[in-house]
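The following blocks contain the structures, represented as C-alpha cells.
Both complexes below contain chain A, partnered by chain B and then by chain C.
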Partner chain A sequence: MTCAFSPTGQSVACGGLDSVCSIFNLNSPTDRDGNLNVSRMLSGHKGYVSSCQYVPGEDTHLITGSGDQTCVLWDITTGLRTSVFGGEFQSGHTADVLSISINGSNSKMFVSGSCDATARLWDTRVASRAVRTFHGHEGDVNSVKFFPDGNRFGTGSEDGTCRLFDIRTGHQLQVYNQQHSGDNEMAHVTSIAFSISGRLLIAGYTNGDCYVWDTLLAKVVLNLGSLQNSHEGRITCLGLSADGSALCTGSWDTNLKIWAFGGHRKVI
Partner chain B sequence: MASETASSADEEKETLVVSVSADGATDKRGKHRILAELKRLQQDTKFLQEELDELEKTENVPAICKELLQNMDSRPDPLIPEVHGPVNLLWDRWFEGPQDPQACRCRIL
Partner chain C sequence: MVTTPTRDPSSNVMSLPLPSPKAPPEYPDLYGKRREMAKVQMLEREISFLEEELKSSEGFQPASKCCKEIADFVMANSDPLLPTTKKNRKTCRLWKWLCRMRCLNLSWICCRCCDCFSGCCNCKQNCKCSSCLSSTKCSLSNWCCCFDKKSHCCKEFCGCNNCCCILSGCNFRWPFPSCCDCKCSCSCTCPSFPKVRPCGSCTKC
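Moving on to the complex of A and B:
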C-alpha cells in the first residue's frame, strides 16, 4: 500500500496488509532471481500499514500510519518503536490512519489523515496527544501533504474535496471542490501533491481525473485526465520529482505516467 | 439500567453488564476497559476545549493569505509558465527519452 525512498536513496521502505513495514537496502546483493532480501522488518502495528515516510535527513528513522488507528516513529537500526501516536489508551485518531506527511521544514512535526474525517498535527516529542485536530472534511481523509514552506498542509478526501489548513492557527484557508464532468457520483480524492512553490495543488481522483488546482484562487487550471494519453482508470498515487520539474501519476490502468511542462517559459 | 455481578473474587473476571441498545444487546466489556475508554473520552473533551479557547485568540485569515502569496513567489516553479528566477535546463530532461533505451521500455508520448 505504501513505499518510500530513504533521504540518501540507499534504502526503500514499504508496507501493506501484512501490518509490517519492510526495509530493503539497495546496496545489498540480490539473490539469483534478482530479488533483494528484506534487511529489516518493522513489526508492531496491529493493522495494515497505509503510509510511510522517512524522517527528512535521517535514513534511520521513519514514520508509519496504520489501519490500527496509530502512527509510529520507528528506529530502523533496532527495529523498535520509538513513539506511538494515538491508540487504545492515548488521545488520537478514532479510525484507520490512511496517510502521513512529515514537515520538510521541521521534521519534528507531521500530519496524519484518517477515516475519522480529521487530520491531526503531531509533535514527535509529545506522543500523548495531537498538537491540533483539523475538522472540515465529511469523509475519509485519504491523503495529506505538507505545503513547501511547512506552515500549511493540504488534504484530499472521500468527500471529493481538497482543503488547505494552516498549522499555526488551525484555520481552514481554502476548499477545492468542483463537479466532475459526466459524474452522477462524487469522485473521491485519492492522492495530492503540491508543486515546488506551492502555487499548484495536484489531486488524483477515483474517476481518473487529475486536477491541477491554483492553490490561491481555488480554480482548476488543467485536468490531466482530459488530455490525450491520460490514464484510463482511477488515479491512486502521485508525486513530484525532487526538483519539481515533473509529476508522476499511478493508476489502476497499471501505468505510471510522467508529466512535465513542455511550453515556453517566461522569466519574470 | 446497570447491574453488577461478580462471578468470582478475582477482580479481572468481574464484568459489568449494561443494556446499551433498544434491542437489549448487552455490553460485556471488562470494567477496566470501560474506565480506560471513559478516561480517554474525558481527555479528548479537555483537549477540544483547550483548542476552542485558543481559537478565540487567533488572528484573522487575511494576514496568513498575504504571507502565502509572498512565499509562493520566492521559489522558481518548473511547472508554471511564468518563472520567478532563473530557468534550469535540467527541467526539460524528461523530454529527452530514457538514458538506456535497451533497458527501459518507457516512451515519450
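Moving on to the complex of A and C:
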C-alpha cells in the first residue's frame, strides 16, 4: 500500500496488509532470482500500514500511518517504536489513518489524514495528543501533503474535494472542488501533490482524472486525464521528482506515467 | 435455605437433603465499570483540550494574512512546471481586471503577475523593470511606477529627429507620448558633386 525512499536513497521502506513495514537496503546483494532480502521488519501495528515516510535528513527514522488508527515513529536501527500517536488510551484518530506527511521545514511536525474525516497535526515530541485537529471534509481524508513553505498543508478526500489548511491557526484557506464531466457520482480524490513553488496542486481521482489546480485561484488549469495517452483507470498515487520538473502518476490501468512540462513519456 | 437432615424410618441412617439449585453469586462487574470510567476520563480530557484550543484561537492572525503569505511564497519561487518566458494570458487577463478595481487594494500582488500595468509597483520588491519613474503619481506613498524599458518605453535617445511610433504592447494610455518602439528615419539630401556618396543609407518609415 505504501513505499518510500530514504533521504540518501540507500534504502526503501514499504508496508501493506501484513501490518509490517519492511526495510530494504539497496546496497545489499540480491539472491539468485535478483530479489533483495528484507534487512529490517518494523512490527507492532495492529492493522494495515497505509503510509510511510522517512524523517527528512534521517535514514534511521520513519513514520507510519496505520489502519489501527495510530501513527508510529520508528527507530529503524533497533526496529522499535519510539512513539505511538493516538490509539486506545491516547487522544488521536478515531478511525483508520490513511496518509501522513512530514513537514519539510520542521521535521518534528507531521500531519495525518484519516477515515474519521479529519486531519491532525502532530509534534513528534508530544505523542499524548494531537497539536490540532482539522475539520471540514465530509468523508475519508485519503491524502495529506505539506505545502512547500511548511506552514500549510493540503488534503484530498472521498468527498471529492481538496482543501488547504493553515497549521498555525487551523484556518481552512481554500476548497478545490469542481464537477467532473460526465460523472453522475462524485469522483473521490485519492492522492495529491504540490509543485515545488506551491503554485500548482495536482490531484488524482477515482475516475482517472488528474486535475492540476492553481492553488491561489482554485481553478483547474489542466486535466491530465483529458489528454491523449492519459490513464484509463483510477489514479491511485502520484508524486513529483525532487527537482519538481516531472510528475509521476500510477493507476489501476497498471501503468506508471511520467509527465513533464511540454512532454510525455510512458514508463511501464 | 438450609434444610435439616432427616432420619430414614426403615434404616438408622441419616440422609442428606437433596441439593437445591441456587443463583450464581453476584460478582461486581469491575472490568466493565473501569472501561466506562476510562472512556469518561478520555472524554473529559478531550473537552479540556478543546477548551485550551478555543482560548488560544483568540490571538490568531486573520485568514487573509495566511493567504497573503501563500501568494508571497508562490510568487517568490520559480517552478519548472510553469512557463517563465510565456505569460499565462488567461491569468494575466484576470489579474488585469482585478488590478483595475480600485476598491480592491491588490497592488501588493498586481505588480508580480505579468508585466507592470495599470498600477504601481513597490520598486524595492523584485521589480522586474529596469527603471522606476518616480515622477508618476502613485496612490501609495513611497511607491513609484515601474516601467519595463523593453516593452513599454521608448528609447530616450533615438538619435534621430523623427520617430515612427509602432504601438506594440501599449494597450493602455500613458501621459508619455513616447510609449512606443522607435524606428528612426533620416531625411537627407544628395549633394550635387558626383564624388559624394548617395543617400542609400537612409530608410523611410
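Quick note on the criterion: the second predicted complex is superposed on the first by the 262 of 268 C-alpha atoms of A that agree within 3 Å, B and C clash if a C-alpha of one lies under 4 Å from a C-alpha of the other, contacts with A are read in each partner's own complex, and residues count from 1 in each chain.
Here is the rule we use: a residue touches a chain if its C-beta (ideal position, glycine included) is under 8 Å from a C-beta of that chain, and two chains touch if they have at least 3 such contacts.
Everything quoted here is computed from the prediction, not taken from an experiment.
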Three-chain arrangement built on chain A, chain B and chain C clash or fit: clash
So, A:261: does it touch chain B (first), chain C (second), both, or neither? both
Which of the two, chain B or chain C, is in touch with more residues of chain A? B
Let me test your reading of the model: by the given contact rule, A:120 touches which partner, first (chain B), second (chain C), both or neither? neither
Considering only the touch criterion stated at the top, classify A:217 as touching first (chain B), second (chain C), both, or neither. second
Return first, second, both or neither, reflecting whether A:145 touches chain B, chain C, both chains, or no partner chain. neither
Just checking: does A:170 make contact with chain B only, chain C only, both, or neither of them? Give me first, second, both or neither. both
According to the stated criteria, A:132 is in contact with first (chain B), second (chain C), both, or neither; which is it? both
Overlap of the chain B and chain C footprints on chain A, listed as residue numbers: 89, 91, 129, 132, 148-149, 151-152, 166, 169-171, 173, 195-200, 215-216, 243-245, 247, 261
Residue numbers of chain A touching chain B in their complex, please. 88-91, 129-130, 132-133, 148-149, 151-152, 166, 169-171, 173, 195-200, 215-216, 228-229, 243-247, 258, 260-268
Report the residues of chain A in contact with chain C in the complex, numbered from low to high. 89, 91, 129, 132, 147-149, 151-152, 164, 166, 168-171, 173, 195-200, 214-217, 243-245, 247, 261
Which part of chain C faces chain A closely enough to touch in the complex? 38, 42, 45-46, 49, 53, 57, 60-61, 63, 66-67, 69-71, 73-74, 77-83, 91, 94
Under the stated contact criterion, what part of chain B meets chain A in this complex? 36, 40, 43-44, 47-48, 51, 54-55, 58-59, 61, 64-65, 67-69, 71-88, 90-95, 106, 109
